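We just call them A, B, C and D in the order they show up, numbering each chain from 1.
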Amino acid sequence: MTEDQQPIRVGVYGGAGYAGLDLVEILAKHPQVTLVFATSDTYGGQAVPGTNLRYIPFAEADMDAVDAVFLALPHKASAPVAAKALAKGLKVLDLSADLRLNTPEAYEKWYGTPHPNPELLPVPYGLPEINRANIVKSPIIAVPGCYPTTTILGLYPLLCSGAIEPGTPIIVDAKSGVSGAGREPKPNTHFVEVFGNFSPYSPGRSHRHVGEIEQEITKIDPNLGTLIFTPHLLPVDRGLMASIYVTLKADFDSADMQALYEQTYTHEPLVNVLPPKEQATLRHVVRTNACAISLTPVSPRYLHITSVTDNLRKGASGQAVQDFNLIFGFEEITALL
Amino acid sequence: MTEDQQPIRVGVYGGAGYAGLDLVEILAKHPQVTLVFATSDTYGGQAVPGTNLRYIPFAEADMDAVDAVFLALPHKASAPVAAKALAKGLKVLDLSADLRLNTPEAYEKWYGTPHPNPELLPVPYGLPEINRANIVKSPIIAVPGCYPTTTILGLYPLLCSGAIEPGTPIIVDAKSGVSGAGREPKPNTHFVEVFGNFSPYSPGRSHRHVGEIEQEITKIDPNLGTLIFTPHLLPVDRGLMASIYVTLKADFDSADMQALYEQTYTHEPLVNVLPPKEQATLRHVVRTNACAISLTPVSPRYLHITSVTDNLRKGASGQAVQDFNLIFGFEEITALL
Amino acid sequence: MTEDQQPIRVGVYGGAGYAGLDLVEILAKHPQVTLVFATSDTYGGQAVPGTNLRYIPFAEADMDAVDAVFLALPHKASAPVAAKALAKGLKVLDLSADLRLNTPEAYEKWYGTPHPNPELLPVPYGLPEINRANIVKSPIIAVPGCYPTTTILGLYPLLCSGAIEPGTPIIVDAKSGVSGAGREPKPNTHFVEVFGNFSPYSPGRSHRHVGEIEQEITKIDPNLGTLIFTPHLLPVDRGLMASIYVTLKADFDSADMQALYEQTYTHEPLVNVLPPKEQATLRHVVRTNACAISLTPVSPRYLHITSVTDNLRKGASGQAVQDFNLIFGFEEITALL
Amino acid sequence: MTEDQQPIRVGVYGGAGYAGLDLVEILAKHPQVTLVFATSDTYGGQAVPGTNLRYIPFAEADMDAVDAVFLALPHKASAPVAAKALAKGLKVLDLSADLRLNTPEAYEKWYGTPHPNPELLPVPYGLPEINRANIVKSPIIAVPGCYPTTTILGLYPLLCSGAIEPGTPIIVDAKSGVSGAGREPKPNTHFVEVFGNFSPYSPGRSHRHVGEIEQEITKIDPNLGTLIFTPHLLPVDRGLMASIYVTLKADFDSADMQALYEQTYTHEPLVNVLPPKEQATLRHVVRTNACAISLTPVSPRYLHITSVTDNLRKGASGQAVQDFNLIFGFEEITALL
């Protein structure tokens, strides 16, 4: 814990969205945190669940009253707040997309708009299992998206060992619960539209998370083939599955990958490699802060990986708190198990 | 059929809402109907499902091109269109709330706004099973709401026979699928808010349909006690249940009501009285145009009635077509079975 | 805590049913409990979730290794185990129906079979909010059913104050998530049968919980009228709502009941009386060990009460642990908040 | 139609399973069919929905009273009935797996048991869009499985044109509604297990439909690489999606495939190729007898195909009736549109 044993004073921007709600819930249980404020322009004045606070408008949030801020704001709105907080010496956990891509050019390519604060880039990518060393040293963290978290963790042991055959596609057929689409009511999140339905969206290489996933996986293995990524909307409230299909190099055998994954993640408290034959399902992870992974060796060269997270937890707020714990030197899983 | 055997030319206002969509689907199958247009300001230009038409904006609808109009518009917007259509000599099937209450005073009481066209009132209430004689003679019909349809049909045989003990409350615990809340996205119809949840709303006597139900049931039996009506939002897309609890007069026996209901509805093609012991469920009626009713004699004086409809069919569009068939002299169930 | 500060050694019979699973989850977090075994004949050998144990067959459970047993067994199978455990000096928390009715005659009436161990009756009814004084003194507790818990807590302040008009019916329209039907696959719990459906069952006075509810409410107010109770199957996994409609005596006013309920439950940590106008929903209680109650004064004489619980928590396992805490002198809400 | 214009007398074996229920519903609307009997040992005596019949036990079905039989029986039970019916000169539509594989060896490999009637093999595969010429000439048809139908139709234009690069894997990430698992209650179809969950099963190459798919696709294109097929259980009642990922030969361009698919299926009334950019969803096909397909050209060499059906309709009973219509010379889509 910090020297003077004072709790860390924390503010949450965007505390009434779905990621914000889970964030508030986790922080309320965190023994070294005092939640000072949570902002919401839409729900201003209403009670912040599980606390004695009420949501305050964005304009009333007082950065001088806190040591750290979590930003669960829309992209483009988040970076300026991050810049201001950083300038005041606060620690910044940004759950938006604004700081995930390393260059303004990449941001503009995937988000179709100039980066609001290019001077902030690059920022350490807040996936502890692949980037812990950089996270602990940084005052500002780009908390990864839900699809990238689940996909990258599903691929990571292969990437580290260079197991994937160059030039072969990496196919990710992904499925997400509806909370991933945000709390603002939209036609595609209307109950009647989702109930009994299942639908792909942003297929192929059109989803914004493609840029983020590719950036991170090619850092580890620069010889990868094309990423093909198709997300689908699942008629459940929360939970995300990345079904990954890869081709291994001839000198690898898919039957050996179980041991590789178990070894890679053996000391990771928030990644569970399931035993052979047990398939990862949403039920394994919903309302937890962990990722679960199962492997199916289809043939010696072909491996099928199923990686699952709770999109609001390990895919958003849980991971943000994991990063927070690292930055402040708390046990990494505090409030997360 | 009409003398010259020409199909009836029909226009649908508000054809892209949930009731409008079902209306268009039914009308497309109707052998004596030509659907000329369907309006939608939100979905203008998009295909009208199951037809070769595209939605046109409200302003472009041509009343001179049709013989009849169905109005699936919001309340307050509907009555002026009804008035205009009536003046042009069209037949009008109004699915909004605007024409259901018989007086402007009642309308203002329940809808909190002056009636836009008080000169239209009263209009025959379009529940054929209780008002067929007046429907067939009228060029304009107030198509009943979903809760009133289901509740009134559940009570009707008792009302006709004066079986309910005066001064005792009539308790209606109702449950509706989410399509009843309309297609416009709202916080309470967001998938995440509804999934896994069940919630009462407008409890006691605060829901607007209380006025409509009371108006109709007291016409048949003026000595009724208080109507207590609490609707709930069910996590399903369609279907509505009214669970009704009544006290009978001492000279009635709840065990005799099965025969009374069967007799009352024996010639009604769209009301099914289930055999004793079989309970009415949503599954009995979803995607049909019928109402199903089951009775439980709890004690000689206490009767429990379960009445179910598809809120978009017998509770809205199916009933509108049933009224349409009556007005134009077609077989009442054309396109409905 | 007990004198020697040793943790209480606990065994769970029937630990793989839905109530058993929640029980194991709660007990695993309980700081004064060591879970020694959990039985399941169906799942014998499989891991007990959240623990290092594996399910053992019923026949292998060793009563001599524990201080207390929780019985989440089918009725008729439970009482003999309770008798044996009691004889060995263990504390017994019975979640089955076997000990809830006070006489063998009542048991035979509602369960259609002679009581297996009539010598055990009567046993204190384990609803702490109405019977705490007797629970703390007893080595054996009949943990209430989910419908009775939710209904009785919804009525209790009225019963204590004698507010209900004698001779008027007490109407309970109840709805339960599917886990209430147990984990064994049956036609009525098949996903396809429940999805998109909503159905009443055991209507009127035919459900077995009628006997249990009546027994307890008439102990407090012997002048009550007929209980009318119709449960329904909700297409959700967990959560239970009792929608209660009562008539008050002329010298009571429904508008005063909010204060009465707040006062009655002011010191109860697991009963939340919601503020006026806020309606109780499943979302208020799912995955919690509390009951939430909202009141709607329909007219001075008519009161509508909505009472909700998680059927597996306050309706089963949470309540069992609450009773356990009382018996052993732990803080009542240990492991429950 | 048949010479004497008499309706075809039809019997359904296994008429109370989910495929059987849809079959009965379709046949009841078929203008050239008289449904003579439907068997069910489980539901014997109960009403056959939408008809005046009652289910009869298997043993009471009279083959002499019918011209054709539909077999919606479990595999192994079906073939002996097919053999008997064929011997009597009846037409046989077998919806089980018994006749789909062309050799007893293949059957034994995938079903783990000797074929009950090897003398029947091979039987024409009843997917009209790829095998119409053989279907019309045969008295007995092997109606395809739901996954094979959806997958093969999604691949067919590519197979015919030899577009797929040999040696590259064909990846099928499939998702099915729960009715695909049958009506008999099992732990994995319990509502509580499926609700809010999503889970893979029989991954890689272990599902029995792999053999059936490979048999048919390699008949058309013998140079295909490995089929990787992972089905998942979707929390919906009906609907099936096959998400297919393929690599094209260098002289093909994925951007040209839209035209190829449109051309291939231009005269197929039950296969809808969606316009570019529109993604196929369950909503496109549920409760219809059609397949809908959408294409995403990911890169010139990589094509992503989404193919959807209602697993009980085009994936089972609708297709069986389509085959029936072909055999008897009726319009192919009779009772299916």
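As a convention for this text, a contact is a pair of C-beta atoms (placed from the backbone, for glycine too) under 8 Å apart; a residue touches a chain by one contact, two chains touch by 3 or more.
As the structure is a prediction and not an experimental result, all values here were calculated from the model.
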item: Greatest separation from subunit C - chain, by CA centre; value: D
item: Same-interface partner of A-D, chosen from the options A-B, C-D or B-C, over half of the pairs matching; value: B-C
item: Centre-to-centre distance between subunit D and subunit B (centres being mean Cα positions), rounded to whole Å; value: 39
item: Chain centre separation (subunit A, subunit B; CA means) in Å; value: 47
item: Where subunit D touches two or more other chains at once, by residue number; value: 195-196, 235-237
item: Residue ranges of subunit B touching subunit C (in the complex, touch as defined); value: 169, 171, 173, 175, 196-201, 203-205, 226, 228, 230, 232, 234-237, 239, 241, 243, 245, 247, 279-283, 286, 294, 296-299, 302, 304, 306
item: Complex interface listing, subunit C residues touching subunit D; value: 18, 178-179, 183, 185-187, 189-196, 235-238
